[in-house]
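Next up: some structures, all given as structure tokens.
Shared between the two complexes below is chain A, which pairs with chain B and chain C, respectively.
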Partner chain A sequence: MVRAGWMKNWRLSTTYPSWVLNRLLGPVVAVALAVYSYTGLVDSATIEQAFQRAGETGSFTGFLILGQTIFAFFTGINWRGGMAVQRERWAGTLEMILLAPASRVAWILSESLFGLVDSGWTVFLSMLVAAMLFGVSFHVADPLAVAMVIVLTLAAMVALGLFFAGFYVLTRAAGPLSQAVSAPLGFLSGTQFPVAALPSAAQAVSYALPVTYGLLGVRRALLSGATVQQLVPDMVPLVLMTVVFTVLGVWLIGRMEARAKRTGSIHAY
Partner chain B sequence: MPIDSGARSALAARGQPVALRAEALARTFRGSFRSNLTNQFRWYTFGGWMIASLFRPVFMLASAAVIAHFIAGGGVPPRFFALTGYPSYLAFVLLGMSANGLMLSSLDDGGTAIYDEENAGTWDLLALTPMNRFVWMFAKTLSGMVASLIDFALVLVVGALLFGLSFTPGGFAVAFVGLVLTLVALQGMAFLMAAAGLFWKQPYALSMMFAPLLIFLSGMMFPVEALPGWVQPLSQALPLTHGLRILREAMLRGTGLGALLPSFGMLLATGAVFMLVGYVAFTTLERRARAKGAMGRY
Partner chain C sequence: MPSPLPAAIEVRGLTKVFDRKRERGWKALRRAPKERITAVDHVDLAVEEGELFGLLGPNAAGKTTLVKVLATLLLPTEGTGTIAGLDIVKDADAVRQKVGVVLGGDRALYWRLTARENLWYFSQLYNMPDAPARKRIDELLGVVGLTDRADERVENYSKGMKQRLHIARGLLHDPSILLLDEPTIGLDPHAARSLRALVRDLVDQHGRTVVLTTHYMYEADQLSDRVAIINKGRIVACDTPAALKLRHAQGLVYLVEARGPVEDALRKLPGVQLLGAVPSEAGGMTYRLRAPDAAQDRIAGELAEAVQQSKGTLLGLRREEATLEDVFVELTGSGLREERGGDEDE
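Now for the complex of A and B:
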């Protein structure tokens, strides 16, 4: 099932190269938008001081680059999960897929995993381009730490995407909902500013999201040269949340599918 | 989508007096506008598009509020004030984010104008009918823009209530004229996107790529004066940049129509250029698609 999903998405991606262009340019423009949202307001020295007061030791442009590019992974995974359901609904094939004796989780997972790999190389390239454009250098002291925290962050994002996919089965607007979900997640996860800049109540929600720990860990690994031992406080929550959201996601997909079949809303769009 | 009744009139009107041809165009416009407006509101469910239309701009506004407080301690950011003279950065961003729906409509509705018909298998039939496709598409994209006025009002009201923002009442009339003209000027961009959709066949990829670019270049989140010098001409070439300037000048400073005439002029001029380029691109690419037999392909 996962292989079939992969092949389908591979053919779609290679048929429409405009998506590749979108994924290459999107994160670079998002970084530029984020940088000028700061420099359009105050001078760079004031910005750096504010970040240092918040405990961020690397450059603020490096902070923003990693925030936008790493989060681009999640939007890619989440959007694919939502559009997978939406596309099948539009094509009138959602009922057949849900009637087939195949794992729904494997179906959604195939979409998310392809989104991960498909986004991966473009996001990585965008990160390099943005770093060159804005003159940012990364400080890596422990490559194993970088690899571990990135893998755990991506696993947590896939699990979170699986969790949201359960809701997409029920709604008639899975595509726009997946976009709507990205907006508060990006706000709360610290993609554009340190989580410490949020009010306390919002920070409590931030620290319940895996993306927050992923960004904290990736920034420490790539901007501050953190080692594996120093990243343990970020990696442990990522592992726990991956397990929790995976279990919840599998359960939700089953429950939402049963409910959609009971209410007869699967075919409605 | 049912074949527009204007098509039959258009066929009958060939060789007929101007009045009859005008009636055929009007019927094409009415039929396309009405059916597409109905379709727009059919999708406008609370749990779907409305949430997406509201969430993104409101959270972008919230991000702007957090950033401004984080780096400027809650006061008016000094560089922003030096560049614009506006008394409130959040009100500046709120007006920008309210226009986000208009911008997205020109990209999405323009880009999918033909794609939706290709997807439904009706584009071949529509392309064969002797109706004026320019009028048909103009009505289709205009209906999307009209629906996006709801997004504009919703974001403006919700954002103002959430963040306690207010605007200069005396500027509402000028702002309304600016808004309507911006809506018309963005039609040109919609045409260009429709042409791109004919060629690239995946309009969502293009609209997702251009949306952040337009947010960046048009000054939705920060003053365009903060952009590097070499980028500024690109910014000034966009109708949305001038539309936003009119909205902000009118609603944040109460600037009158007379003082904003140059901005209105640029708005109409850039809109006309986009319309002309979009029209030429669309007719050229449609002709090429016909020649290659690619009309119904999506």
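Now for the complex of A and C:
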């Protein structure tokens, strides 16, 4: 299944070279936009000082780069995994897939896995380019901590994608819905500013999102040199959310497929 | 005495009702009573193993809905159905292994992939091991006549080729039963003829059971061992085409080709029923009429006289065999092309 998903998606995406260009340029431009929205008004030194005074560690530009690139990772995985159902509906192939006895969850996970790799290399390259352009150096004290927090963040994102996929089986408005969810997710997860800057009610929502913990953990590991032990407060919620969203996603996909078969909403797009 | 083998497909009291919102857009968000559309209405059917079974009906008759319920893509509202003895609701996963489904239309394939890539992807969704899958794909590409174009992107295919590829996809996992929904719709006559031959061959040479939906009466007549006529979600008759015509299309069918205002005069002839009228190649109209058997000796003369009396020009007059369309008209009071409705066949 994984191999089949890989072949299909690779062949489909490489038939449009502009997509590859977009995936490479997108995160770099997003980072540049975020950086210049601050440095265009105040000099870098003042911003860095304000950032430290707010109790944050590491460089603010590094904070922005990681925020944008990790969020680009999330949108990539969500597009492949969460939106898998809707993309097949657009292509007119959803009914054919649901006619097959393959596990729906395995199928969505195979799409997510492609999203992981597909977004991964572009996001990684973009991050390097942005770091060089804006002169950011990373401070890694514990490579195992970096690896662990990245893996757990990605697992939580895949699980969140599975959860969204459950909803998208039912609705034909998955495209606009996904976009409507994406921007608030980016805002509440603290991609461009510390979550602590948000009102307390909004923070409550932020801390229910896996992307928030992923960003916190990855930033601590790559900018402040945090160790595995220091990252436990970020990694535990990520593990819990991965489990919760996976269970909810599997349950929802089954329920929503049955409902879509009752209402007849599978076929149309 | 051994018990008889179960039918390949058996359906009892099968009903599918859709609840549709009356409003669209923002208004649809309000809580309002929904419109109930009965797409399939208490259908009873039994399809025997190795049979080519036609489901004939106009657009929106419920054919596609019935196929989708059998294919496990829709859940029935009422009633039961079995495929190869397996319940279509409780044993849905097992049913999917037994049945191949071809839903009509251009889509349902990845246009940017080749035929071979499409088939390989779908073979993996049926959990087929790689080497046997590739062997099966080669074999099926040969069966549907696409071997020479197998490595070409589907976007370059004609409609007929896409439809052949759909059939190959439906046969990938070697199902004993094939459900074909309007397989020749939109095809040119040559492609449609060649596809019909392929479908007949699947039954005669490969031993499949095929259920084929169509609104082309010629197709149902020529291809099917038995035909069920469906209208407004109900099966109104089911038998061999010959038996249906014998039972329900009594009387003599005549084609009158004429120029001028003759329609009223033809209609007024005692016992004559106008079945349809289409423009003729000679610039007039061809009227299709049915007359009672008792009028056999005099009806040709009466038709010719009616045309003359209404100051029309008679261009041709001939007797024709009854068709399934005549059966449909007899049973429903309307022609196959006249029916319009609101279910998803549209």
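By our rule, the second predicted complex is superposed on the first by the 260 of 269 C-alpha atoms of A that agree within 3 Å, B and C clash if a C-alpha of one lies under 4 Å from a C-alpha of the other, contacts with A are read in each partner's own complex, and residues count from 1 in each chain.
By definition in this document, a residue touches a chain if its C-beta (ideal position, glycine included) is under 8 Å from a C-beta of that chain, and two chains touch if they have at least 3 such contacts.
Quick caveat, the model's predicted, so the values are computed rather than measured.
Chain B and chain C, once both complexes are superposed via chain A, fit side by side.
The superposed model places chain B and chain C at 70 degrees from each other around the C-alpha centre of chain A, with the value given to the nearest 10. Legend: residue contacts after superposition of the two complexes on their common chain; A:Arg11 is shown touching chain C, with no touch to chain B. Legend: residue contacts after superposition of the two complexes on their common chain; A:Ala102 is shown touching chain C, with no touch to chain B. Contact with neither chain B nor chain C is seen for A:Val205 once the two complexes are overlaid on the shared chain.
More residues of chain A lie in contact with B than with the other chain of the pair chain B and chain C. With both structures placed on the common chain, the touch criterion links A:Met1 to chain C but leaves chain B unconnected. Once chain A of one complex is fitted onto chain A of the other, the partner contacts of A:Leu133 are absent, as it touches neither chain B nor chain C. Contacts of A:Leu25 after superposition: chain B is touched, whereas chain C is not reached. By the touch criterion defined above, A:Val228 lies against neither chain B nor chain C after alignment on the C-alpha atoms of chain A. Shared-chain residue A:Thr263: touches chain C; no touch with chain B.
For the pair chain B and chain C, the model built by superposing on chain A gives 5 Å as the shortest CA-CA distance. Chain A meets chain C in the complex at residues 1, 3-4, 7-8, 11-12, 15, 91-93, 95-102, 107, 258, 261-264, 266-267.
Interface of chain C with chain A (complex): residues 18-19, 65, 68, 71-75, 93, 96-97, 101, 103, 105-110, 112-113, 117, 120-122, 124-127, 169, 344. Of all residues in chain A, those touching chain B in their complex are 16, 18-19, 21-22, 25-26, 29-30, 32-33, 36-43, 46-47, 50, 54, 90, 171-173, 176-177, 179-180, 183-184, 186-187, 192-194, 197-198. Across the complex, chain B meets chain A through its residues 43, 45, 47-49, 51-53, 55-56, 58-60, 62-64, 66-72, 77-80, 83, 89, 119, 200-202, 205-206, 208-209, 212-213, 215-216, 221-223, 226-227.
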